[in-house]
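Two complexes follow with chain A in common, the first pairing it with chain B and the second with chain C.
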Partner chain A sequence: MKSTSLLSGSQAIARGAYEAGAQHVVGFPGAPVSDIIAAFDALPDTAAHWSPNEKVGLEVALGISQGGARTLAALQHIGMNIAADPLIASAYSGVNGGLVIAAIDDPGMLSSMNEQDTRHFARAAKLPMLAPSDPQETIEFMKLGFSMSEKYDVPVLLRMTTRLCNTRGLCMTGEAAVHAARNIGLKSPKTVADGLSRHEALEKQLAAIEVFSTQAFEINTIDVGSSDVGIITSAVPYLYAKEVLPTASFLKLGILHPLPHKLISYFATLVKRLYVVEELDPFLEEQIKAMGITVIGKDAFPRTGELTPDIVAKGLSTEGAVVTSALSVPVKLPSRQSNLCLSCAHRGLMNVFQAMNLNVVGDIGCFNPGELPPADPEEMDACFCIGASMSVAFGLSLASDAPSARRTVSVVSGSTFMHSGLPALANIVQNSGTATVCLLAAPSNGDSVVPASTVDYRMLCEGVGVRRIRTVHPDDEQSIEAALREELDAPGVSVIISAR
Partner chain B sequence: MNRDIILAGVGGQGILTIAAVIGYSAVERGLFMKQSEVHGMSQRGGDVSSHMRISDREVHSDLIPEGKADLIIGIEPMEALRHTSFLKPDGWIIANKKPFVNVTNYPDFELVWKRVEEHSNSILIDGEKIARDVANAKAVNIVLLGAASTHVGLPVEDLENAIRVMFARKGDAIVDANLRAFAAGQKFAAEKEAVSA
Partner chain C sequence: MNTVNVILCGVGGQNVLRAGELLSRAAMHAGYDVKMSAPSSGEHSGESTSCHVRWGQKVYSPVIRQGEADFIISFEQMETLRQLPMGKNGVAVIVNDDVIPPRAGRESFPYPDNIEDLVNAVHGTFHLIPAKHLSGEDGHVALTLLGAFAAFNQCSQESWVQAIREWADGDPESSLAVFHQGQESVHEPLRIEVGERFELPDSPTPKGVRSFDEMLALVKTLPQRRVAIAGAENKAALHAGIECVELGLGTPVFVGNADVIRRTSAEQYPEFPIGNYEILDARDEAATAERAVAIVRGGDADILLKGGVNTPTLMRAVLNGKTGLRSGSLLSDTFVFEYPDEDGIRLIMITDGGVTLQPTVQQKVEILKNAVVVAHALGNVMPRVAILAASETINPNVAATMDAAVITKMNRTGQIPGCVIEGPIALDVAVSRKAAAIKGTDSPVAGQADILVAANIDTANALAKSTTYFAGYRLSHVIVGGTAPILIASRSDTSDAKLLSVALGSLMAKYFEEQRDALKR
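Moving on to the complex of A and B:
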């Protein structure tokens, strides 16, 4: 039975996978992946498999696919980096049950610290990529993704953005399809010769997908309007362009890779001036220019940040898009700092770090000390990427033998320790390095849903050869400070586990 | 029919609840709608806003262009001001009076209130007092929705019905408390608009 409901983009990803007959989802917690996994898990006969990191998660998904069932993998853009190895391997091995990977970019950094453009992964991994523009289309493209994945024997990427994941729109929802498990057996290249032939097969599949893409007029849609102005665009920027210049001709690309080159050439003949409206990198623009077609792209639109209807209108103002003069904000307004949850277990530890004037190498997570008022920004130290606090601090100690006025401490949470921290810790021990690590094992946000909550951290640290391990209560600032003073003076690697 | 509405406040003030009430009403009416939410740090005292676009024709962009919004509902007065660049010159600002201060450089309260009231179509409302008087302090968001209800572009009965549906699982007492909060907000705004007119 069909019905109408108001779904977010995240819910639509889950709904589309469900309606395609997928019964599994894998992912590592983080906004908006957690929303997708929770939404999928709430649907009947589905299973959510939280993973300690994205590489492990995608490998589980690959196994589910090889076993013949359909599965969804939900990854943040940064998660795509972690999962790049199985991602590229999966393009060569192919699939049995359909595998769709929702890859969520974050223009504007609404929930992360970088604006990488994941569309490049489609070309690097040689995988087809779909890009919906609203929640309804997300459901449809998700179903298309699963059928394409099985038809062309490749995983399919569904490129989303944080904005789209958090947009609600009306959706027609239907029943779940019954997907009979396909039992074709394990397949992966076993020799170099196999790998080479799989690469050739993959190139043939991409060529076949381009033929499909060129004829898929419901997915790559042409909307003929003005013969003066044509706009090639996709996803959410399409909606902004349509809003501010509805009279233009549009080629809206639902398939971003491989590009439907013939369709683009045809569209270019319909109009006098051609624009490319896309967020972040000139991904479409450069490929279209390489076809010898003149387009206006990043000369008119920014490479950084999110697009908005107003930014798109400015870029198209010479074509008649109206930029409304806005009321000025009548008083200077401060931005509101985010801060630790009032109930956060780690407040005590942060207080001690500050009181001791420590050089804190942080990790990704809500406890990132630099974000914590009243932390002095001058004392914000470093935070690179997930799991990096221990390895970076080790590197710091290698760079200089000179005693620093400020002692260095690494901070890692249970979930980031399990994500990629453990090899970093083992590495310091194996290289006879010195480090003082604070492992925040009291549950914080992400820890409650990953195996991190049940891990015996002391045993893990012992197992990789750490000899100085002590446990402190997160509220007992005196004991934390005493432990830190002692361990900072001790040789070798110390781990202070903060746990209730 | 076409209404562009911005809901603004601080995480935890119930922005998404009133978005859900408006959204439910619009869907029940068979209207097109899109709603953009900005969460992220919302649970930790960050600012939260939502763009809602309701129309009898297809809605493209989920974001409202600057200068196009018909209404800003601010559950916090500085957050209401933060979005005035989106407002039409004759659009309405319905803002709660009580500042939520979690920054050291919050502007002078009187100045914030004055800036809201300088806008020709504005209502500044002591939502906490009204909510406490007729229901409970948590119902501030619904008081604000009540005060804004004649500018939402949907029949008031639809919004009341949506409140019944949204709060049904919390029991009749909570439903009734929120309906009283809604009515009290509506009454306050009607009296205020009558005086200005």
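Moving on to the complex of A and C:
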């Protein structure tokens, strides 16, 4: 039974995987991955496998695939970096049950701190990449992804953005396909010669996918319009361009890698002037220019930030797109920024950091608002990437023995400690370094679904050789301050576990 | 554009996004295409929060353009102003009377006290709703505000009720009651027109006229159309006009040298009462063409029929941007022949064998649409269109096959409505069900094509003439894409072909008239 429903892009990823017969999803919590996993988990006969980090998660997914079942892996763009090793290995090993990896970029930094363009991963890992433009297409492309994965024996990347994950649209939903269980097909290159031949095989598969892509008019669609202006685009920017210049001819690429070169050449013959409308890097533009085709791309559209219909209209204004203007509202408004949750267990700690005027090296998590005003001096001084609070603080101590360097504390939550913090801690002990670490073991968002919730942190720290470990109550600011004063002066590595 | 644009805004924790979902559901149940977008999937405590909801016949962008929001529904007074620049001049603003002071930050601008004035300054309407008071202790403010919005009559009451029933966590009846409170709080509802809703074509689809005899019989029952004959001085042109009268196909208006027309008529057809018919005098070929075109353009004739004037002269008059018959579309020739199908006689069209030499894909779309108009005029509301190639395989090196695939896809996505298109497809598969079955082609067009679109003029022209000369089938043809049917008979056309073309033109004139009337309504 087909029916119409209103789904977000995140829900559509889950729905598409479900309708393709996938019964497993892996991922590490965070927006919008948590939405995808929760939506998948809510469907019948499905299992969500939260992982402590994306590398572990993708490896689990690879195992599920080789075991013969279809599986979805959902990763944020930064998660793709963590999972890059198994990602590239998986291209060589191939799949058994279909494996689709939803990779979610974040133009505009709506839910992260960088704007890397994950489309480059498709070329680096030599994996096919699909890019839907709305929730309905997300369902269709997810199903296509699973069949391509099995047909061409490679994992398939489905490139999403935060915007699309958080866009709701009408979707035709259907029943779940039954994916017949396959026998275990454990395979990977075992020797260099194996690896070389797998690489050759992979290149052949990519060539075959390109042939498919050139004729896949349902996926790479052409809207014939004006013979003056043609626009090559994909995903959400297609919707913006279609909105602001509906009379143009469009080539909307649903398959971003490998590119259908002959289709692009054909489209180029239909129009006098060609534009490439894409978010972030000139990924399509550079490849199309390399084909000897003249296009206007980043000269007309920005390389940074999220595109909007207004920005696209401005870039196409010489072709007749109307640039609308905002109403003038002559008033300055106070801003509203996010707070720590009222019930946040870590408020006491943040207050003490502020009172003691410490250098605080943070980690990634929902306690990041500790960095924001009105805290002045800021409660947190730096935050790099997940798991980096201890390793960066260790580096600081190596570079300088100034008294201020001694007033440095690392803050890490249970989930990021389990993600990649533990090796950093072990590394300081191993190198006889000095560090003061505050481990926020009271649950923060996401902790409940990863191993962080069941870990005995004291034993874990002891196990890697930390000798000075103490536990404080997060609300007891006096004890926290006393503990910090003592441990900052103590030699070696100290861990202060804040737990209820 | 007939899309409705609504921005909902407030402070994280006020359930702004949940409200956006309820609104989207109401629009969905009202039968519209909907998109809703927010920067995040949840609300961050204390942060400014907003989402965009858009609905209409077809919505592309999930994001509203600046200066284009029709409505702003604000859950907190000051947040209205943060979104106000996105509004259009005259934006309708529905505001909860809540005030949430922001946490003190680095910038310490005061909380504004002139919100209504600023809305009025952009000619907006300001509706302050005491939502908390109206919704009661446990009610959702969202329901009251959307109730107030619903008073603007955007979606039907039934669609709201259905949406609220799906959306409400606990007791839908109490949710509905809160919603009605909101509806009643706005006293002056305002209406904004929205585009048509999606409607699927009725099925089964009538196939319309299936033979030329049926066509002639039908035309004889209809009001007589006026046929402007450009260059009626010669015997053949006069004869065509006389036959129109005798067969009841139309009323001729003879254009040309009036003296010569009268003389020829008297000499060749002494029985014919030429005096009963209008003769428009023109001194030379160019003037004849212009005069004939002018009366069609002015509505004094419905069909333009080439008589003795030569084709280039007539086409110059037709194509004149100011005084001609251009409608903005490409002109193309649609050739119709009668084919004894496996299931009996039916009409098949071939295009374009007469106008564009080597059409681009854009031109093919127009040529195809012109032929679809002919099919519709013949009563076939959902013609099957085959875009011909040598086989069904898409070959990136053969542009005709790529064009065919692109046009087929456009049809599937609703961009070329009113027909079913398949291509690339070979002639045998297009017209023979037996061939389609043998080749295993699964398509609604296979074996049943009503319209054959050829890759270029040579193919279309040769294919059309082969039906006449090798198979001896009857034919008619018409040039479509202008504001009226244009009949340019070939000198070698039989008189049967000329009369069938007049009959076809007459059906098309009727169709154009119906289309114009529908637009007026």
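Basically, the second predicted complex is superposed on the first by the 488 of 500 C-alpha atoms of A that agree within 3 Å, B and C clash if a C-alpha of one lies under 4 Å from a C-alpha of the other, contacts with A are read in each partner's own complex, and residues count from 1 in each chain.
Here is the rule we go by: a contact is a pair of C-beta atoms (placed from the backbone, for glycine too) under 8 Å apart; a residue touches a chain by one contact, two chains touch by 3 or more.
What you are looking at is a predicted structure, and each value in this text was computed from that prediction instead of being measured.
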Combined model on chain A: chain C and chain B, fit or clash: clash
Touched partner set for A:Gln215, first chain B, second chain C, both or neither: second
Which of chain B and chain C A:Asp223 touches, first, second, both or neither: second
Chain C versus chain B, contacts on chain A by residue: C
Which superposed partner A:Glu477 touches (first chain B, second chain C, both, neither): neither
Which of chain B and chain C A:Leu327 touches, first, second, both or neither: both
Partner chain in contact with A:Lys262 - chain B first, chain C second, else both or neither: second
First, second, both or neither for A:Asp310, with chain B first and chain C second: both
First, second, both or neither for A:Asp194, with chain B first and chain C second: neither
Residues on chain A lying within both footprints (that of chain B and that of chain C): 4, 6, 8, 31, 110-111, 134, 163, 166-170, 236, 239-240, 242-244, 308-310, 313, 324-339, 341
Residue ranges of chain A in contact with chain B within the complex: 4-6, 8, 31, 110-111, 134, 163, 166-170, 236, 239-240, 242-244, 308-310, 313, 324-341, 366
Chain A partner contacts - residues on chain C that touch it in the complex: 11-12, 21, 24-25, 28, 33-42, 44-48, 59-68, 78, 81-82, 84-89, 91, 102-112, 114, 118, 122, 360-362, 365, 394, 396-397, 399, 402, 405-410, 412-413, 415
Residues of chain A touching chain C in the complex: 4, 6, 8, 10, 31-32, 35, 108, 110-111, 134, 162-163, 165-170, 214-215, 217-218, 221-227, 236, 239-240, 242-244, 249, 262-263, 266, 269-270, 308-310, 313, 324-339, 341-342, 373-374, 376
Touch list for chain B against partner chain A, complex: 10, 23-24, 27, 32-41, 43-47, 59-68, 78, 81-82, 84-87, 89, 102-103, 105-107, 111-112, 115, 118
